[in-house]
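These are the structures in question, set out in turn.
Two complexes, one shared chain (chain A), two partners (chain B, chain C).
Right, the complex of A and B next:
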């Protein structure tokens, strides 16, 4: 194949190849080995270090488009909180996160959620908290000012758990499931920053892989205590939760084979592209 | 009050949701072959649904916060009327006469955000980062711990920060030691962009895998599987693609006359 032809491969062949290869592990699982990375391990360690009855915020700040990445992360972490007898205040600063959060809570706490005995005392769902960054800061300052009722219309004053936590300083961990803004950076800026710095509310994040490189400086600086990196991070966490508590809601792990295959394919394409580029540049061909 | 399960599909409509989901997924993906009426239709439908959902949920959230559930205004807490009135002022955007009133809520929101961001951003993205970099271990027991040793990571971070910043330093010409620093900085930036690209690929693949999972595994009470409809949707896409290929290409409309010419015609 001449160089210009290599540079002009119809992108639709690449899509087709990608589709076929990614579909393959659904029918023939490769069962590739998976190790838990430092960042997912850090989320686990921070959560495991909390004493029982500690209060955790679980913030569903994502939309349907990133459900594949964020849902397994949030679900596995919530399951761990439930098994460890941690109290959970769940909410969403994203409008689309409202129904998605309820969906996740139903999977973890049972289909009858919120009609379960522990609702109001050990778990509360506030639903969508309006205001984006302003809502986040208001919630950090005064929970009742940010949202007067829970997702089901019950005034927060009637919920015992909400009377225990009046501001961000009363929480022991903020778990942020995010795919954009407002997300972890807004928690750092508008909540942690107002309550005495990074140690005030430890923050763990489950994010789409695209945002993780941008979070690393905050992780290195200690402003973020742990990160679940996309689908892979969710899968790693499922592995940890399954190992300790037996996790019946595994979702991300079976999909990681497909992702590995896709990555290998992309790497191959990058190599081919670079070879094509090098031939064009040094072999006397024309650069396209 | 809008029911709390807004945005969730009632169980009795699950079958229709799967049918709709299969067609919507494949119609949208048909864009990868070529833009066609099916992909455009689903795209427009998505935008419409998202707009309606956002409007309904925001309306409900605002009124629940101020009126329903909390009864704040009924209890004499009239300060909650201010944000409601400010929100309504946004609608002056649609009038020519009172358009200036629309600027007030915009100015207030911009002012609040500027005030919030300036204080928060300086602490979180500037001071905390400088403190963390200054505290990187280069000597001592902490620096030699780990494999590779921590001092190596610290050194890479410090060199990376200095050289990447020097790339954006334009006071002097990029020659001599500054030129070397700029060149290293460029490689640091390229490595950063590479990591971001890797993350982007990983994220996009995850979303694609998510859709594939839906198409392969989603079912309605284990008797109707989503993949039953995949061939039907593909045939539909094929028909539409062939139809749009056979359709004569619409001719480009003639350019409208220039404004100056229009004026002349009127005169």
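Right, the complex of A and C next:
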């Protein structure tokens, strides 16, 4: 007796069906309701609790492959910082994150960035800081030792904002947008751990969904104050920012319909595969 | 090369540098001149990384040149790799040579190539993962054993919890997903993290003492 068809669907049909169903919501949005979870809410609460003129680090530690998840997170958080009159020092410990950070800053602060009045006093972009985790540690110990100029070649000594922050202890929040190493664990190990712990350097993280399970021990211990979990976390944050400030740069929310369809399709295929498996096992067929 | 140069000197360098960092981290107070002096050592990492980058470029070009000359496996792709690397290198160096800016990242042409070619190619390759995951889930997620069944059920719950469709089906899915992350997952991951940390400390001690020499290459 042959293996039932249910257990041996050609993968090309799976690919085709996934492609069609993921594309469909772009033309016919499902507009499924989204609720804000505790992890994204925690990021919001920590950021909202900062007094105006607090200094936030925004660290773009991801590459183009995870831009769909990390960019909406970083963008929404930067927009909140801008609306709340928080000062921002942006940088990247990933070489691929350098150009991506600049793209996000231009979306939030305007296409003329860095030629904007507030550059140097309320926002600075240092660009790529080399050295991976060692670069993080050096930056945490002494900002000027890690990078002598900003992304555009201006010495950091000429930027008023950089004169306010000489080490990690001078920052009020570290926002880490990450999809790997160096990422949040290196911030905890090489920056937070050397400068007074989570109360001195609070850390919020926006991460790819696949990395979030590994962060939960640090979240439970209070070393991470809040997490945006993948595309869903980014969408939840866009809801929060839109509700409070009106957010014109929404990016993640429309994509969540496609994600929903893809997740349901995967579950349906798992069920179909198991029915085929059960028929094979208990119906006398051969195993595939 | 003598065994002194190949073995003993690297071992001595590893021991001395490692001990300096251990003493600086655990026995010197932050802000003291002695502790600050160790920042010089961490600064040398940048120099090493930059040197390794040049070395990586040479090794990459050599590997693919050999593949092309021998008409090895997928040699046509090696041509594309070499052309891509050299063209992007020229674009980066051109930005510096013309003094458009001090850093090549701010060069308009360099940024254009990155934003309009590399970003989209990388995103495309990564997005193919969704198709492989769908196919792999269909083939591999089977209720073969108790452990596999638990993995399948929890995985499916997380899929529903992490997308709006889950809450549309049952409003408790997001909370259930958060509990799974916060409690059973955190417990398991904590055990793994502590295990890795203990292993890393053990490996570091072995390397400092010269017991673990794998990083020096094979002994002859």
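Criterion: the second predicted complex is superposed on the first by the 281 of 288 C-alpha atoms of A that agree within 3 Å, B and C clash if a C-alpha of one lies under 4 Å from a C-alpha of the other, contacts with A are read in each partner's own complex, and residues count from 1 in each chain.
Simple rule for what comes next: contacts are C-beta pairs under 8 Å (C-beta built on N, C-alpha and C of every residue); 3 or more make two chains touch, one makes a residue touch a chain.
In this text, all values refer to a predicted model and were calculated from it rather than measured experimentally.
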- Would you sort A:68 into first (chain B), second (chain C), both or neither based on which partner it touches? both
- Message: Quick one: is A:250 in contact with chain B, with chain C, with both, or with neither? Answer first, second, both or neither.
- Response: neither
- First, second, both or neither for A:264, with chain B first and chain C second: second
- Query: Of the partners chain B and chain C, which touch A:42 in the superposed model: first, second, both, neither?
  - Reply: neither
- Taking the superposition as given, does A:188 touch the first partner, chain B, the second, chain C, both, or neither? first
- Message: Looking at A:137, would you say it contacts chain B, chain C, both, or neither? Reply first, second, both or neither.
- Response: both
- Query: When the two structures are overlaid on chain A, which partner does A:213 contact: first (chain B), second (chain C), both, or neither?
  - Reply: both
- Can A:116 be said to touch chain B (first), chain C (second), both, or neither? neither
- Item | Touched partner set for A:277, first chain B, second chain C, both or neither | second
- Enumerate the residues of chain A that count as touching chain B in its complex and touching chain C in the other. 11, 15, 18, 22, 65-68, 98-100, 102-103, 127-128, 130, 134, 137, 149, 151-153, 194, 209, 212-214, 217, 220, 229-230, 232, 259, 262-263, 266
- Which residues of chain C touch chain A in the complex? 30, 39, 42-43, 45-46, 49-50, 101-103, 105-106, 111, 114-115, 118-120, 122-123, 125-127, 130-131, 133-135, 137-139, 141-144, 152, 156, 159-160, 162-168, 171, 174, 177-178, 181-182, 185-186, 189-190, 193
- What part of chain A is in contact with chain B in the complex they form? 11-12, 15, 18, 22-23, 26, 65-69, 95-96, 98-100, 102-103, 127-130, 133-134, 137, 147-149, 151-155, 185, 188-190, 192-194, 197-198, 208-214, 217-218, 220-223, 229-232, 255, 258-259, 262-263, 266
- Note on the structure: The residues of chain A that touch chain C in their complex are 9, 11, 14-15, 18-19, 22, 32-35, 37-39, 63-68, 98-100, 102-103, 127-128, 130-132, 134-135, 137-138, 141-142, 145, 149, 151-153, 194, 209, 212-214, 216-217, 219-220, 229-230, 232, 235, 256-257, 259-267, 269-270, 272-274, 277-278
- Item | Contact footprint of chain A on chain B as seen in their complex | 1, 4-8, 32-33, 53-54, 57-58, 61-62, 64-65, 68-70, 72, 112-113, 116-117, 119-121, 123-125, 128-129, 131-132, 157, 192, 195-196, 199-210, 212-213, 216
